[in-house]
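Each of the next two complexes has chain A plus one other chain: chain B in the first, chain C in the second.
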Partner chain A sequence: MTSRIQERNTVSPYLTFVIVHAMLFGIDFLLLTIKPVQMAGQDAWTAVLLCSAGIHIVIVMMYSFLNRHQTDLIHIHILLFGKWMGWMLNILFAGYFLLVTVYQLRLFIEVIQVWVFPEMKTWSLALVLLLIAFYIVSCGFRVIVGICMFSLLNTILFLTIFFMIPYFHFNNLLPAMSHSPHDIFGATKELTASYMGIEIIPFCYPFIKTPRKSQKWAHWGVLSMTFIYVVEVIFAVITFRPEQLSNELWPGLTKYKFIQFPFVERFEFIGSSVTVLRLFPIICLCIWVASRIMKFTFSIRQIRVLPVLLGVVFVATCFIPNRIGVDVVQSWIKLSGISVIFGYFPSLFLFDILRAKVKKTK
Partner chain B sequence: MVLMICVLLTACVKQQILERINLFIVAGFDEISRDQLEVTLAVPQFQAGKPETVTDQMYSRTGHTSTGIRDTIATQMDKPLQPGKLSVVIFGSAKAASGLKKELDILLRNAYFSRKIYLAVVEGKAKELLSEDFSKKDEKGMFLYQLLDSNTRKGALPGQNLHEFEYALVGKGMDSFLPILQFHNDRIAVTGTALFHKDKYVAALDLNQSRLMKLLLQDMNQGFYEVKLDNGLFLAVENVGSSVKYHLKNKAITINLSMKGKIREAEGYPTSDEHLRSLTKRFKQQLIQEETELIKTFQKNAIDPLGLGDFARSRTRHWNEEDWMRQYPMMNVDVDVQVNIMESGIRQ
Partner chain C sequence: MFTIPKMWEEFRESSDFVYLRQSNKNEQYLICFLKSITDTNTLNEQILEFISANNGLHFNELFEELPIAEKELSSDWDAIRNKLLVGYVAVQHAASAQTILLNASISKGRTVSKPEIEFNVEGSKEALVESLDVNLNLIRKRLPVASLRIKELQVGDLSKSRVVICYMEDITNEQYVQTCLQRIGDIQFDTISDITIIQQIIEDNSNSIFPQMLGTERTDRIVWGLTLGQVCILVDGSPNAILGPVTLEHFFTSYEDYFLPWIIGSIIRMIRITSVLFSILASAVYVAVLTYHGHGISNSFLPTIIASRINVPFPPVVEVLIMELAIELLREAGARLPSKIGQTIGIVGGIVLGTAAVQAALTSNFLLIIVALSAMASFTTPVFRMSNTIRILRFPFILFAQMWGLLGIFLCSVIVVTHLLRLTSLGMPYLVPFYPLRLKGLTDTVIRPPYSKLHHRPGFYRTKNPVRYDNRKSNLKKDIDE
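== the complex of A and B ==
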């Protein structure tokens, strides 16, 4: 049951960079800084570097078992754990990706409701966004990667930091390294949630032309995001007091409140609406992976299962009523994401090595 | 089809067109009693066809929460009230003295308000100041905004906007301050600086002290300072570039202020080398004396608008706010001034 992807459906290896970049530059980015800065204060940037190092190691492990089997995680599961166990793991992963979709979608709708249109209904926006997502996903993987390209545009918004220069207090970075390792590891754990998204790579693997070459690009993607995270964390530390940050919900959007142009009085309206560019790559990739898992599990066509999945996402999104609900889902995602990235992938890697060794001795 | 739906759905939320809403640029808060608040809004009224004539309509109401008051004010209006353009918030001195926490929360919580809103304290009541006819040409809110902008952010007086005020309020080892506005002889003027302990207005500085305070807050390249000579003569020196640095050594803080000056007014005083030297010396002594007095005032009130505590935090491991505040009133703060008179204008 190995699947060969036709070459016209594959993408170039360097586009792995775009995929990783888009997955990591999600809407979570807007609230990235609060918890790490609360825990590790001015030393939060070391936590970003630590976390990034861990992610690089996980990517190396991931590519090790992917390169050995030359197929995606769906098939590796069935290969390693047999039919039933593999199916169950695949379904779990599909559920996880659907949950990520629901969370990202609800978070975006919340941003719009809080910052731009308080009277906007959750269902109406969710419906429109999911219809567009259906349209994109049904066109296939190459189109989704094209949409991921839009996520790169967000990097331009990053320049808005220059408007904040009058409010910088570089003294806030001192005294350096005054937090205990315990605090820094706590912050690292919080940051893992921001690096969630690399778990999409094992599923996209067969869709990359010469997949072995893509590993380099995955590392570059993580490196570029590490740089962006470090700048964002340092920016938050030198502009806000930690006490101020703990009162904020979206520090990433609050910074737009300082920008005024003669022609755009309130930049945060643009800033919060543009987050839609971060939303689409993530929800499209996640839904695509979920539908692909369904395709192999229940042997039905991907386009058939897509409306069902979108319907599930729609209903689930509408069932998250408020901030507290979003927070609860966020804590689930964090927990499952950390256990997938730092728990499941390394153990799969070890299991795979052991299995190969055992086979060889036989 | 999907694209069509998107286009159709764009108009599904409430529209707000400028001619059909009431904006307000300035809001005033006063205290009536312990739990009663008076909010005053100056709402500009535009006249069709004559864009240059803007008149302000004052709306004022009392109540318990400002949002509730805004609601009752809205009942007097023909058009819905929109808070998006608020740029200046002024507080009556009684309100400021009893604490601004609640009002700050309103401004910080609402997604409509910018973080660059200017805050100021009014000598007396905010409502009375707003009802005076001080601005002949501009709208009152815009006038106040520009007044505060040119005098505090771009000028020689200290001031804070909403973000900076909150920063100093919640930050450890620093206290916030705001400019004081006063209505006098048909004009509004910035007359000094209100110093805050936590969110309460506790002491005031006059204009001269405010200028000196800004010298210690940040690097400056403007401002005029009068020098009194021994023979009773007054000269004026313009600051063309000053820089300030703090140093912490053995639990004592030294403030290094170095200033490049330019003589602006020296009638009856020769500007030869020797005279310049004595002028420099005199100016330096005067600055040291005045700045030291200023810091003594801060220490006496146990407030720290310069953020010396925050500076000490950044230079000490395991800094503790309580210990610091215990030492602070008795602490030794030295001011070291260097003055360099560069030019004397275009005549001798």
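== the complex of A and C ==
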């Protein structure tokens, strides 16, 4: 059942860092700070650390069952739960990844509609973006990871955060640790949505040369993102007042308004257009995984199923009319993301350990 | 009387075929050759004279004693015909079924001259010529080592072109050589008149506008590539060679960078890379900003643009396309005309048309500067085929900018990057050492490092011997006042 991946299609272990970084640095990042800061105020950064710690534990669990079976989650499902149950789970995951794609795509189109082109029709931009995504995905995993790497350029724009330094009020950080654990855990739960993206690792696993070595890089990827999240949250707290922040929809883009160059008056045009670099790694990886699942489930060629999936995504994206629709999808995504990362993976881990023990005693 | 064999009749249709009978007393010889490719001096002074001086010698003894280095004895008609066609002289004797074949070929061509395309200020002024033997001589002279291997193949049913693959036996990865040999062996085209034809046929992706082999006419660049582990392909009749595998970054390095002090060389290299980016993006950004993001321009800058554009009736994209096409026209006209007329056209086009276009309010001064600068910037690319690519690449960017502004420019760059990511050159990724990232390979990319840092060959060539010299011997760590 396990399929061999040819070596020329695999990538080096350190690129796991790039994959994790690109998946976590998505468009969600632009609205990352609102909810946690509303709930935990100046202590939101502890929630970031808590959430990050949880993610690290999940990664350890994930690598434990991946290393045992040396294959991807698609095959593990069938191995552990039998043919039909495994198929069901795989299809559920494919649906989940398609939903993530739809959400990210719609979110990006909303950014463009709010910040750059108010008249832009949803379908026209979605069509172009999905055509480009088709081109990228059809070139294979290596090229997708290359696009992830290219999107790291975006991290440079993160440095523009330092243009806000004159507007800092460090007093906002005080009094420290004044929120109840309940608030902080609530904020942690909200933050999980930002850490969504690590669930892609079990599917990329066989495409990594010497996959055991990649665990270290996955941890580093999460660590670097934790650092960026902490900085982002703290800067949001010391720049905006809490009431101000709750009126913001896109604090990540608002910060571009602080930037001024002698020849560029409004940097947010560049800032919001560059967001497209965050979009492509996520939608390409998600569609790639979904199409790969379809390939094994229905035993058809990946290149055949790809246009179908993109068509589904296109139609679904066009059916989300406005902000309210996006919010609804967002709440689904949050729910499913949390249950996949903190519910499904740990239970799979436990199940796998038990199964191995039972087998041993037999 | 000894007559020409039947099979030779096909040659007699050509007027440059010469057959003469020479009889020394009772020995009769038939001597045939194609006079257009045969050296008559060799024929007269060595072959004919020797034959007449040694009459009475047995045919086989005559063959043994003829003072010509490349000679053979054959009775196979196909072999004789092929030899005659490359300038051999055939000598037959009435008493023998065999034919003596003697090399008296002569090739006429240009002498070695200055590089025309890859001109440089410092360094050697020696470029390849059309004759393959001269080119091989130039390369061999610069690399007097036994490990320089030269493999010859014949390609093309009609042109019978001699194609040569050069590589260093103890350095170059065997895989690249095999790939080249196999792909060249598979070529089916009938006339191979230039190396660029071979390049287009053997490239990994022939539907790409990016060249995946580096064409050069400089012998020093070829030798540099060979010593790094590249394969060089030459063809008889072409004053260019191609080097492979290459990466995108090679197309923006000039060999002259290595002649300058490393700091200056690096800065010039960076200027070149920036200017390429400028050349691709400048007019697209102009279209995007003036069409969609006008309020993104700062107040101090806006009056300048308004003043320059106030009388122009066209939307920015039409204005840009007109100007870009005008520049392309000038360039094409200049390239096709003889150099003296070309200069005149350049002056007429550049100065007269440019000024007149602005005064007639067909275009803005501002745009004229951008277009002229980006045209100049595209010429800084040291490799001609890449500068063609860059000049074409800018049009999709302009169209995307017209459709979706800055977002369109980013979308187009994602497409271009995807395309670059999927390209390979003889199987090596095109964007290496940036993707896949090879930190050690990064030393000689944007920065041209000093020679003390060039002690290893770049790892991405996967050479048999990665060490150029032992740097531990040369690096003496010195403290202050020692």
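Criterion: the second predicted complex is superposed on the first by the 362 of 362 C-alpha atoms of A that agree within 3 Å, B and C clash if a C-alpha of one lies under 4 Å from a C-alpha of the other, contacts with A are read in each partner's own complex, and residues count from 1 in each chain.
Here, a contact is a pair of C-beta atoms (placed from the backbone, for glycine too) under 8 Å apart; a residue touches a chain by one contact, two chains touch by 3 or more.
Just so it is clear, the structure is predicted and the values come from calculations on it, not from any experiment.
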_Contact-wise, after the overlay, does A:Tyr135 reach chain B, chain C, both or neither (first, second, both, neither)?_
both
_Contacts for A:Arg266 in the overlay, against chain B (first) and chain C (second): which applies, first, second, both or neither?_
both
*Kindly classify A:Phe227 by the partners it touches after superposition: chain B alone (first), chain C alone (second), both, or neither?*
neither
*Scan A:Leu174 for contacts with chain B and chain C and give back first, second, both or neither.*
first
*Which partner does A:Phe240 contact after superposing on A: first (chain B), second (chain C), both, neither?*
first
*asked:* Per the contact definition in the header, classify A:Val11: touching chain B only (first), chain C only (second), both, or neither.
replied: second
*In the overlay, answer first, second, both or neither for which of chain B and chain C A:Phe351 touches.*
neither
*When the two structures are overlaid on chain A, which partner does A:Met149 contact: first (chain B), second (chain C), both, or neither?*
second
_First (chain B), second (chain C), both or neither touched by A:Phe117_ = both
*Once the two structures are superposed, pull the chain A residues common to the chain B and chain C interfaces.*
117, 128, 132, 135, 260, 265-266
_chain B residues touching chain A - in the complex, by the definition given at the top_ = 2, 5-6, 9, 12-14, 84-85, 108, 111, 113-116, 163-164, 166-167, 170-172, 310-311, 314-318
*Which chain A residues qualify as touching chain B in the complex?*
114-115, 117, 119-120, 124, 128, 131-132, 134-135, 167, 171-175, 178, 240-241, 243-244, 247, 254, 257-258, 260, 265-266, 268
*How about chain A: which of its residues touch chain C in the complex?*
11-12, 14-15, 112, 116-117, 125, 128-129, 132, 135-136, 139-140, 142-143, 146-147, 149-150, 260-266, 269-270, 273-274, 276-277, 280
_If we count contacts the way the header does, which residues on chain C are in touch with chain A in the complex?_
292-293, 295-301, 404-407, 409-411, 414-415, 417-418, 421-422, 431, 435-437
